[in-house]
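First subunit A sits with subunit B, and in the next complex the same chain sits with subunit C.
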Partner chain A sequence: MKEIIRINHITKEFKVLNRREGLKGSIKDLFSRDYKIVRAVDDISMSIQQGEIVGYLGPNGAGKSTTIKMMTGVLEPTSGEILVDGNVPYKNRSKNAQNIGVVFGQRSQLWWALPLIESFRLLKDVYQIEDKQYNSIIELYKSLVDIEPLLHKPVRQMSLGQRTLSDILAAFLHDPKIVFLDEPTIGLDVSMKAKIRKLISALNKEKNTTVILTTHDMGDVDALCRRIVIIDKGKMLYDNDIEHLKSFFGSYRTLKIRVDGDLKAQSEVIQKEVPDFAVSADDEWISILVDEDKKKVMDVLNQIQSSHSIKDMKLEEISSEDVIRKIYEEGVE
Partner chain B sequence: MKIKKYLTLTRAGIIESLQFRLSMLVMVIGNLLYLIVIYFLWKAIYASADSDVVNGMTFSDTLIYLVLATALFNFMEMYTVWQIGRDIQSGKIVLDLVKPIDYRRYIFWSFSGSFVTNFLFTFLPTFIVVTAVTHGAIHMGLNLLYFVVSVVLAIMINYSIDFIVATICLYTESIWGINMMKQVIVLLLSGATVPLAFFPDTLRNVVDHLPFQAIYNAPLTLLLDGDPDMKDVCITLGTQLAWCVGMFIVSKLFWKCSIKQITVNGG
Partner chain C sequence: MKRKGLRFYLRIYFKILAQDIKSKMSYRADFIISTLGMIFTNIAGFVSFWILFRSFPDIKGWSYHEMLFLYGFSLISLTPVQCLFDNNWSLRSYVYSGDFIKYCFRPINLFFYYQSEVFDIKGLGQLAFGIGTLVYSWNKIGLACTPLMILKIVVFLITASLIMIALQNAAAATCFWIQNSFYILDLAYRFRDYAKYPVTIFSSVFKFIFTFLMPIAFIAYYPSLVILRPDDVPILTWLSPIIGCLFFYVSYKIWMYGALKYNGTGS
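And now, the complex of A and B:
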């Protein structure tokens, strides 16, 4: 594998005017020189390999978009160094532009009044794509999604889902090495989300394109990303495999069972039998939070079965959503 | 091969502007109303004057000048400032900045399609009507060629000025006031609303040393001068060329410095 993005200790600071309140304050602000420095990105380093799909997560305002804007060359870092396929993005914006594709879920790069095919033709000339390459990617698109009805439809008449799909196709058109997807599934229905995830995954496999995905939808992350990076308040919190994220908080799973008799009373009995784990009951289930490092779920189940008759059971993983919420709220420690 | 990159933007611009048939119609009607106002305004001005010739221009001279100035305005005005300003506010500018084309050129060529359609649909008809109605008040000769060259230069000067104003929007993050101010200044000082011949001498002197007169006054003077003196033509076109280069450099440098410190909206 080849390293495609290298980020070394980058920091980005913005100068923001300290605003005062009210009419009087607003007038005073006109002459104010009272700036404060806001550090949107604080000493972040990472290395991304060709072909990876990286989930880039963080709460709103964490500095995700700022980092992406630095990787695309739109913003210049205050300090630190970025290399995207060997280029310094902000110094060599045009060259970098050939290597990257960008999708912002809330904005479109397509020509609003024109049918999609015209936008594709435009991008073909703007990115100077060879005819052969262009035709083959259009063929690939046709095999992956049903684009024929979309091609001749003006973008302004498309639904949000169709537009997002089209924007993703447009971003991959010039066969970039890296595609940045900023909340691509925002505001879409379940079936469209699934379609878009499938498309991204297929394009990544087919073209070996590196994908950097920011999202607030854990479904996107679970479906697409092996590796996730979490930042908050500009600082890096986590950078590792998604499986590792779960074990990071202990290998907990929730065992849910239903037994004869009153669940509340039974749960107290079971609590005594498995004193290591927390047992609780609601109207439907008795839940046992099992730490698999201490005892396997099967063993716990066997133990309970020897003294109770279990009518029904299910096993729940701790979802990545739970873990990430925990990180956003409490940090890593 | 490289020019294709830009001509494709022109092509898209043409298709795009043809999509909005109704807006074209409204533009033509709005134009007519404006021209009617101009007609009566200047009729009143000439009626109150002592002689038929005011500041060396007859009523029909003035009217031809102003009608053509309006037509020229309609096809040169690109609303670049609005466009860029809106893109800055909405953050869409990021998507244009990550294209492998210099942003200045990208915007220019994106607008170039509307030059073509507006030239064909507003300037040319107006020009033909004026020629027909005035029975040859406009000389048909080399002056047409000078005019075309001059208009091309004017478009580039106008674009550079627009781009400088748009760059200011990066700092202010508001568009309306700045754009209004620019429009009033350009239209007045370029001779688009009042022929420069009507300006008092001191103001005229100042205006002659500003780039704005090179946008409307220069091409129209070249067009309407039936018997052009080679020396005057060279001076006019030379001045335009100088402004064109000068404003180009200023706008490019200003953009280059500004783009470094932009903070693009949205997350």
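And now, the complex of A and C:
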């Protein structure tokens, strides 16, 4: 496998104005400016191979977008170095643009007034795509998704789902080596999400395109990514297989039970009985995240049974969503 | 990757243009109303001009028809900025909302890509009015129609357009640094109204400003001198084609500098 992105110890700092409060503060700000340096990305290194799908995760404000902007060449790192297919993105923006495709979940990059097919034809000229290559990719698209009804529809008349789909197709059109997808399934319904995941996965297989995916939807991660990178507060927390991550938390299991009475109220009572573990409730189940190193699931079950009548129960391995949440909240030890 | 020369950009521009006009025409009511609006705006401008001259037969030695010439000249020279660079007016909101970032990922010139997106077809009505006015006053003044005259007027029309475009580019680019740059853009836009009058009617302070700081005197006044008062042309006028190109280049550089240091907003 060939290395396609190389990131060595990059850091990005922003100068932010320390705003004072109130009107008086604002007036003071006009005259004396007091800046502080915020480190949005702090010493991140990674190497990404051709054809990988990497889930790039982190809570809001973690520095994901900043990293992506540096890889696409919009931002210059404060220090460190990035190579995208051998180019320094910031210095060689135009050449880098030829190698990448970018999709931002809710910001369409297509020509708003034009039908999709006309946008495609313009992109064909902009990226100087050969006729043969263009025709073959359109054929591929037709075999993957039902694009006929979309082709002659102006982008501004499309639903969000159709627009996202179109944006993804447009991003892959010039056969880029890397495609950056920033929250591609945000705001979409379940069936559209599934469709888009299927499309991304198929395009990745067919074209061996590297995909960098940022998302808050663990469904995307489970469906697409083998490798995930997690950052928070600009620092890298984790970079490895998703399976490996689960084994980190192998001793955790989710115990789900159903008892008489209102589940929300009962879950608060149970929380008091088992203070070591997180208890939550939804419409159907009360979930208890049990760390088996501390206490066996059977013991917890016995304990609860002594004071509640359990109608139903099931035991689940920890989901990636739970894993990620634990990392956001507690970090990786 | 092939080299991207003028032909590459022209080809893309005309493709976008054709599509844009096609899609605008498909919203028929919108198209008709905006065309009518443009016609009435021009008629209103012309009427107020006419009323002014019913009270004053000439302004500082400039006769009615000479003033009409100036008026027509300024209308034509304002057409390119209106038609081709209208997207400058939206720049502020793109930058503010963070949507400007979408222009940063294409392997073509950012300035070109941004401006090519909008073609304001209404400007063509203004062009027709301008040409009509110019031809009419040309006949009335009894100017000769030699190839040299035509060449002069074309060169100076291009010069005037470049200066107006430069002013607007520079004014629009301020939004990369200032959050509410609308007033600056609006100011630059309003100044063009003064372009319709000979600068001699202004006080020497404004004469200086309009010649050197906000060079709107080059939009219609100095070029008209070349045609109407060929013996009385300040030396600076002959340099104005070079000044026009220079101004355009500088404004382009400012615009690009702002755009390249653009960070976007969080998403």
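The working rule: the second predicted complex is superposed on the first by the 268 of 333 C-alpha atoms of A that agree within 3 Å, B and C clash if a C-alpha of one lies under 4 Å from a C-alpha of the other, contacts with A are read in each partner's own complex, and residues count from 1 in each chain.
By definition in this document, contacts are C-beta pairs under 8 Å (C-beta built on N, C-alpha and C of every residue); 3 or more make two chains touch, one makes a residue touch a chain.
What you see is a predicted model; the values in this text were computed from it and never measured.
S.K.: State whether subunit B and subunit C clash or fit side by side on subunit A once the two structures are superposed.
M.R.: Taken together on subunit A, subunit C would clash with subunit B, as the superposition shows.
S.K.: If you stack the two complexes on chain A, which partner ends up touching A:Ala113: first (subunit B), second (subunit C), both, or neither?
M.R.: So A:Ala113 meets both subunit B and subunit C here.
S.K.: What is the contact status of A:Lys198 with respect to subunit B (first) and subunit C (second): first, second, both, or neither?
M.R.: neither
S.K.: Just checking: does A:Arg258 make contact with subunit B only, subunit C only, both, or neither of them? Give me first, second, both or neither.
M.R.: After superposing on A, A:Arg258 lies clear of both subunit B and subunit C.
S.K.: Across the two complexes, find the residues of subunit A that touch subunit B and also touch subunit C.
M.R.: 14, 61, 65, 69, 72-75, 93-95, 97-98, 100, 102, 104, 107-109, 111, 113-114, 118, 121-122, 125-128, 154, 182
S.K.: In the complex, go through subunit C and note every residue touching subunit A.
M.R.: It is residues 1-2, 8, 11-12, 15-16, 19-20, 23-24, 98-99, 101-102, 104-108, 117, 262-264, 266-267 of subunit C that touch subunit A.
S.K.: Can you check the complex and tell me which residues of subunit A touch subunit C?
M.R.: Subunit A reaches subunit C through residues 14, 61, 65, 69, 72-75, 93-95, 97-98, 100, 102, 104-105, 107-109, 111, 113-114, 118, 121-122, 125-128, 154, 182-183.
S.K.: Residue numbers of subunit B touching subunit A in their complex, please.
M.R.: Its residues touching subunit A are 1, 4-5, 7-9, 12, 15-16, 19-20, 90-92, 94-95, 97-102, 260, 262-264, 266-267.
S.K.: Using the touch rule from the top, collect the residues of subunit A that touch subunit B in their complex.
M.R.: Checking each residue of subunit A against subunit B gives 14, 60-61, 64-66, 69, 72-76, 93-95, 97-98, 100, 102, 104, 106-109, 111, 113-114, 118, 121-122, 125-128, 154, 182.
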